[in-house]
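Shared between the two complexes below is chain A, which pairs with chain B and chain C, respectively.
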Partner chain A sequence: MNAQQLGENIKQRFAAKVIDFETLGSDQLYVTITPDSLVEVAEHLYQDQGCRYVINGGTDRRQQRDAFLITHFFAQDEEKIYIAVHTEVGADDPQVDSITPVIPAANWSERETRDMVGVVPVGHPDPRRLVLSDDWPEDLYPLRYDVAHDVHPPPAEGVAPERLEPPEGASVVPIGPFFPVLEEPAYFRVFVEGEQVVGADYRGFYSHRGIEKLGCSVLTYNQVPFIAERICGICGYVHSCSYCQAAERAAGIEVPDRAEYIRTIMLELERLESHTLWLGIAGHIIGFDTVLMQTWRMREPLMWLCEQITGNRKTYGMNLVGGVRRDIKPEIYGDLRGVIDKIGDEWAELAEAIPGDSTLMARLQGTGILTPEVARARGAAGPTARGSGLAIDVRVDHPYAAYDRVEVNKCVYDSCDNRARARVRLGGTIDSINIIHQALDDMPDGPIMAEIDEELPAGRQAMSAVEAPRGEVFHWVLTGAENRPERWRVRAPTYANLQCVPPMLVGNALADVPISIGSYDPCFSCTERMEVVDVNSGQVRVYTEEQFRAEYDQPGAK
Partner chain B sequence: MFKKLCEKSFPKSLWVYHCNVGACNGCDIEVIDVLTPYYDAERFGIKLVASPRHADVLLVCGPVTRQVVPALKRLYEAVPDPKLVIAIGSCAVGGGIWFDSYNIVGGADTILPVDYYIPGCPPRPEAILHGVAVALGLAEKEIESVHLKQLLDRPESVPVEVESLYS
Partner chain C sequence: MITSKLKEAILSLRPGRVTLKYPFAPHDPEGDFRGYPELDTDKCIGCGACAAVCPARLIMIQDIDQNTRRMVRLLERCIFCGRCADVCPEDAITMTKHFELSTDSGREDMVAECEVFMATCQRCTRCYEPANPLDKIMEPGFRDDEIKRGGQDSPYEPIQSD
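Up next is the complex of A and B:
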C-alpha cells in the first residue's frame, strides 16, 4: 500500500467527512477532514490501520483562511508512510475534539496546542497548562501571528504549577527542578509508600525557549538550521538535518548524493558521541563513576575528529537547505576510520564487561519496566521503544539521506527494563560504526550543495523524520512568504518518551527512579524547545506489589 | 579587592555546583567533559558537588527562562557566602540567540550577580578551565577586557554590560 491507496481507503470509508487528500511521493499523505470526524478518523488510523501517533500541531491561519489549522501526525511504519490529518476550526470558536481519550500519546501535544495557539481540546482528561510558564497570562498565545516573538508580559509573584494530588497515604518526594543527576531542569514529584513508588507527577518545560516561534517570525530558511541545531547541544545535527530535509522535500530540491552520504556519516558520528555519553551518565547515576570516566575518555577523540571535520566540537553548523556546507575530504577518511575503529574495539570490551558486572546488572535488570502496550499508547520512540520489543527505527522504516544504501540493523530487545534499553544502545553503537564504514566505502564524488536559484514556493508542506540517538525526530514545514516557513513543527523523541515515565516508575523502589529516568536518555531541551509549562499524564496505572511481581516475574532478582 | 578575597577564600579546592537554566545541553556536556580524564579539573581541586549548600561556585549554563527564575533565585540563596557565579556559554553570558524570545529573561546576570563570563557556543573545555583558573588567580587574562552593550527595544529593558574574558 502506498500513500495514494491509503488516502483512497480513508476517502472511501469516511466519504463526505474527508474533504480532500493529497500525496507527496508515495510516502506522505495529507488528509483534510471535517472537525466533527476527527476522533473517528484518528481512531481508525490508530486501531485499524496500525498507525503510530507522532504529534499534534496547531497553525494560526487566520490571515489566509480565517481559521486555525489543527494537524495530527501519524506514522504507518510497515507501509513506510507518514500521514498528516488536517482539520480547520473557525477563528470565532477555537475548539476541537480531543483525541487523547482514544490515543493517550496525544496528551501533551494537545495541551501544547492549547497553550501556544489557543485552540481548546474539548474532553481532554488532563487540561492543565503544559508549556508556558506559571506566570504567563491566560489569554496570550505566543504562536498566533499577531503576538510578537519578543512579547514579555510582566512577571507575577507567588505562582506555582498545578499539581496532582498524591494517592491517599502516600508521601511526596520532590526531585528537581535542579537535581544532580538531571543535567537539565525538570521537576518530578514522586509519590511513595515506604520505598515503593506508587505514582508520579511531572512538571517540565523549564527549558522552553520559543524556538518554533523564532523560526516562523524572525529567521529565514537558511538561518533556521542553525537555531534547529541549538534545540539540543547533544543531538543537534538530527534537528537541522530533519528540518532541511523537510524544506527540501517541500520545495522539490534534489540534494546531491555526496551531501546525503555526508549527512549519514555525521548523523552516525553524533549517535556514537551520544551513546558513549549516555553510558557514562548512566554509570554516574548508579554511582559507578568508573564507567563515566572510561566512556568519556573513549569519547574525547571523537570530539576532536568532529572538530577536524566541521570546525566545532558540537553544533556542527553543517546543514543548509539544499545540502551541506563542508565536505569530508578524502584525506581525512583514514583518521575517521582510525578513531571509530578504536572506539569500536574499546566499546566491544565494555559491552562484554557490563553484562558480567553483577553490580550494574542488579541495578538495571527488572527495573523501570515499560510494557509494549504502554510504549505504543504513549508513542515511545527509539531505544525506549526498541527496549520494549517495538521494532521501530526510522532509518529502516522511512529511509532518508543515504540510509537506503547502507545496511542498518534494528537492535530490539524485549525485556522492557533498563537493561534492555542499555543493550539497545550498546548494540546500536557497534552498528553505527559499521554504517560509517559502509558510507565511506561507497561515498560518491560530486557537489555537496544543490543549486537553488529561486525563492522557495509558498504554501507547500512536507514532513521529515530522522532517527536521533534517542528516537525519532519529526519535523513538519509549511512554506510561507518572506523567505521563511509559515509553520515549523518539531517533535523530539523525549517528548514522547517522557510521557512514558510516570507509568514506568510505578512499582519501582525509590532508589531506582533516577536510573529509570536516565534510561530514556532524557533531553528536556529538545522537548521543551518551543513552549513552556507543566506536564503530566492523567492516568497512572497503579500496581500492587503482587500484581507487579506476577506480571513481571521477580523484578529486582538478579 | 575581589580577587584578593577570592585568593583568600578559595586557596585550595573549589567545589562547584552546576545548574542548567534553560540551556541546550551543549555547555553542560562540556562542563562534564572538563571533569573527565582528558581535562581532569579535579587535579586543581575542582570538584562537582551534588548540593548547592556544599558549593563555593555556581556554574550557570543557558539563557534564563521565565519558568526557571524563582527556582534559580532560591538556588543562589542556598549557596553559602562567599560565593562566585560563573556564566558559561553565550546564552548565560547574554541570552544567546534567543535573547529576546518571549520566554527568555536574558543572560544569567539579569537575575544573579555574575562574577566571570566564559563565552562560546559551547565554550571549549580548555576555555572553561582557563576561565575558572583566572577566577582562582591561577592564570592571567590573555586579552584586555572590553565592554559590550546589548540594547533591547523593550521598555523595561536595561543595557547589559558584558565583560568578556576574550573579546
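Up next is the complex of A and C:
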C-alpha cells in the first residue's frame, strides 16, 4: 500500500467526511477531514490501520482562512507512510474533539496545542495546562500570529507549585527539580513504602524556550537549522537535519547525493557520541564510575574528529536548506575509520565484559519494566520502544538521507527492562560503526549543496523524521511567505518517552529509580505540571494548583 | 564474574594516562575550528548581509543618520556558526581559533561596535548579491535594530558609543 491507496481507502470508508486528500511522493499522505469525524478517523488509523501516533500540532490560520488548523500526525511503519490528519475549526469557536480517550499518546500534545494556540480539546480526560508556567495569563496563546515572539507577561505572585501529599503511610523522596545525575531540570517526587515505589509525580517543562515560535516569526529558512540544532545539546544534528529535509521536501529541492551521505555519516557519528555518553552516565548512575571514565575516554577522539570535520565538537552547524556546508574531505577518511574502529574494538570488549558482570546486571535486569502495551499506547520511540519489543526504527521504516543505500539492523530486545534498553544501545553502537564504513565506501563525488535559484514557494507542506539516538525526531514544515515557515512543528523523542515514565516506576525499589529514568536517556523539555500515578487503581491524574488546594489543603494536612 | 572484572580492569589499565596538560599547556583546536568571529572594520562596507543571516540575531544595525551606520555585535550571544563570515561580500569577518572567551570585566568585552561612513548610500542592498535567495537581506533601507525593536522587554540596553 502506498500513500495514494491509503488515502483512497480512507476516502471510501469515510466518504463525505473526508474533504480532500493529497499525497507527497508515495510516502506522505495529507487528509483533510470534517471536525466531527476526527475521533473516528483517528481511531480507524490507530486501531484498524495499525498506525503509530506521533504528535498533534495547531496552526493559527486566521489570516488566511479564518480558522485554526489542527493536525494529528501518524506513522504507518510497515507501509512506510507518514500521515497528517488536518481538520479546521472556526476561529469564533476554537474547540475540537479530543482523541486522547482513544489514543492515550495524544495526551500531552493536545494540551500543548491548547496552551499554545488556544484550541480546546473537548472531552480530554485531563484538560489542564501543560507547557506554560502557572503564572502565564489565561488567554494569551503564544503561537497565535498576533502575539509577539518576545512577550514577557509580568510574573505573578503565589503560584509556586503545590506539593502533593503521598498516599497514606508512604514517604516522599524528591529527585530534582535539578535532576542530579543528568544535570537537567526535571522534578520527580517518588512515593515510597519502605524500599518500594508506590507512586510518582513529575514536573517538567522548566526549560521551554519557544523555539517553534521563533521559527515562525523572526527567523528565516536558513537561520532555523542553527536554532533547531540547539533544541538538544547532545543530539542537535538530528533536529537540523530533520528540519532541512522537511523544508527541502516541501519546496521540491533535490539534495545532492554526496550531501545525503555526509548527513548519514554525521548522524551516525552523533549516535556514537550519544550512546557512549549514555553508557557512561548509566554507569555513573548505578555507581560504577569506571564505565563513565572509560566510555568517555573512548569518546574523546571522536569529539576531536568531529571538530576537525565540522569546526566544532558538538552542534556541528553543518546543515542548510539544500545540503551541507562542509565536505568530509577524502584525506580524513582514514582517520575517521581509525577512530571509529578503535571505539568499535573497545566497545566490543566492554559489551562482552558487561553481561558477565553479575553486580552490574543485577541492577539492570528486571528493573524499570515498560510493557509493549504501555509503550505503544504512550507512543514510545527509539531504544525505549525497541527495548520493549516494538521493532520501529525510522532509518529502516522511513529511510531518509542515504539510509536506503546502507544496511541498518533493527536492534530489538523484548525483556522490557533496563537491561533491554541498555542492550539496544550497546548493539546500536556497533551498527553505527558499520553504517559509517558502508557510507564511506560508497560515497559519490559531487556537489554538497543544491542550487537554489528561487525563494521557497508558500503554502507547501512536508513531514520529515530522523532516528535520533533517543528515538524518532519528527518535524513538519508548512512553508510561508517572507522567507520563513508559516508553521514548524517539532517532536523530540523524549516527549513521547517521558510519558511512559510514571507507570514504569511503580513497583521498583527506590534504588532503581534513577537508572530506570536514566535508561530512557531522557532529554527533559518542559511541563509545569505534576503527574500522579495511583498504585492501587493504576490511574494517572494530573493536578492543577487549585485542585491540589481543594483536595489536599485541608486544615492540618500541610 | 571474576573474568568480567578482569576484562574491565584490563580495559581500564591499557590506555595509560590520557589527560592533557590543558589549561597549563595550550590546546590548539583542530582544522577549520570556528571560534571568535573577528571583524576587520576597515573592510566592512555596512551592507548588512551578516546581520540578515546571523541565526542568533546579534548584529544590530542602527542608522544614526544618512551618513552613518552603526553596527553593534552582541557577541555574548554568538553561537560561532560562521554564517556571517560565509556571506560577507568583503571578507571582513574571520572565524578565529580563539575560544577562551570568558571575561571578568563585564559584557563590554563581548560587544563589538563599528561605525561605517555611508555617504550617499541608498541602502538598496545591491552591494550584497546573495548566492542563495534564502540568504537575502530581509529588511533593506534605513532601520533601527531588530532585537531592540522586538519589545521593551529585550534584555539588552541600547548601547551608547562614546
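Keep in mind that, in the parts below, the second predicted complex is superposed on the first by the 512 of 558 C-alpha atoms of A that agree within 3 Å, B and C clash if a C-alpha of one lies under 4 Å from a C-alpha of the other, contacts with A are read in each partner's own complex, and residues count from 1 in each chain.
As a working rule, a residue touches a chain if its C-beta (ideal position, glycine included) is under 8 Å from a C-beta of that chain, and two chains touch if they have at least 3 such contacts.
Fair warning: this is a prediction, and the values are worked out from it, not measured in the lab.
**Q** In the superposed arrangement, does A:P177 touch chain B (first), chain C (second), both or neither?
**A** It touches chain B, and chain C stays clear.
**Q** Check the residue A:D150 against both partner chains and state whether it touches chain B (first), chain C (second), both, or neither.
**A** A:D150 sits against chain B and chain C alike.
**Q** Applying the touch criterion given at the start, work out whether A:N222 contacts chain B, chain C, both or neither, answering first, second, both or neither.
**A** Touch status of A:N222: second partner only.
**Q** Could you look at A:G311 and tell me whether it touches chain B, chain C, both or neither (first, second, both, neither)?
**A** second
**Q** Tell me which partner A:R297 touches in the superposition: chain B (first), chain C (second), both or neither.
**A** both
**Q** Is A:G123 contacted by the first partner chain B, the second partner chain C, both or neither?
**A** neither
**Q** Please work out whether A:V321 is in contact with chain B alone, chain C alone, both, or neither, and reply first, second, both or neither.
**A** second
**Q** Using the touch definition from the top, say if A:G236 reaches chain B (first), chain C (second), both or neither.
**A** first
**Q** Quick check for you: in the superposed arrangement, does A:P35 touch first (chain B), second (chain C), both or neither?
**A** Once the two structures are laid over each other on A, A:P35 reaches no partner at all.
**Q** What part of chain A is shared between its chain B contacts and its chain C contacts?
**A** In chain A, positions 148-152, 226-227, 230, 293, 297, 300, 315 sit in both the chain B and chain C interfaces.
**Q** Show which residues of chain C lie in contact with chain A when the two form their complex.
**A** Residue list for chain C touching chain A: 1, 3-5, 7-8, 11-12, 15, 18, 29-34, 52-57, 79-83, 86, 95, 132-136, 138, 146, 150-151, 153-154.
**Q** Quick one: which bits of chain A touch chain B in the complex? Just the residue numbers, please.
**A** Per the touch definition, chain A meets chain B at residues 132-136, 142, 147-152, 154-155, 177-178, 180, 183-185, 205-211, 213-214, 226-227, 230-234, 236, 277, 280-281, 292-293, 296-297, 300, 303, 313-315, 523, 525, 531-533.
**Q** Mind pulling up the chain A residues that touch chain C in the complex?
**A** Listed in rising order, the residues of chain A that touch chain C are 148-152, 218-227, 230, 290, 293-294, 297, 300, 304, 307-309, 311-312, 315, 317, 320-322, 325-326, 346, 349-350, 352-359, 452-456, 482-483.
**Q** Note which residues of chain B are touching chain A in the complex, please.
**A** Against chain A, the touching part of chain B is residues 19-30, 32-33, 36-38, 50-52, 62-63, 65-69, 71, 75, 96-98, 100-104, 121-122, 124, 152, 154, 156.
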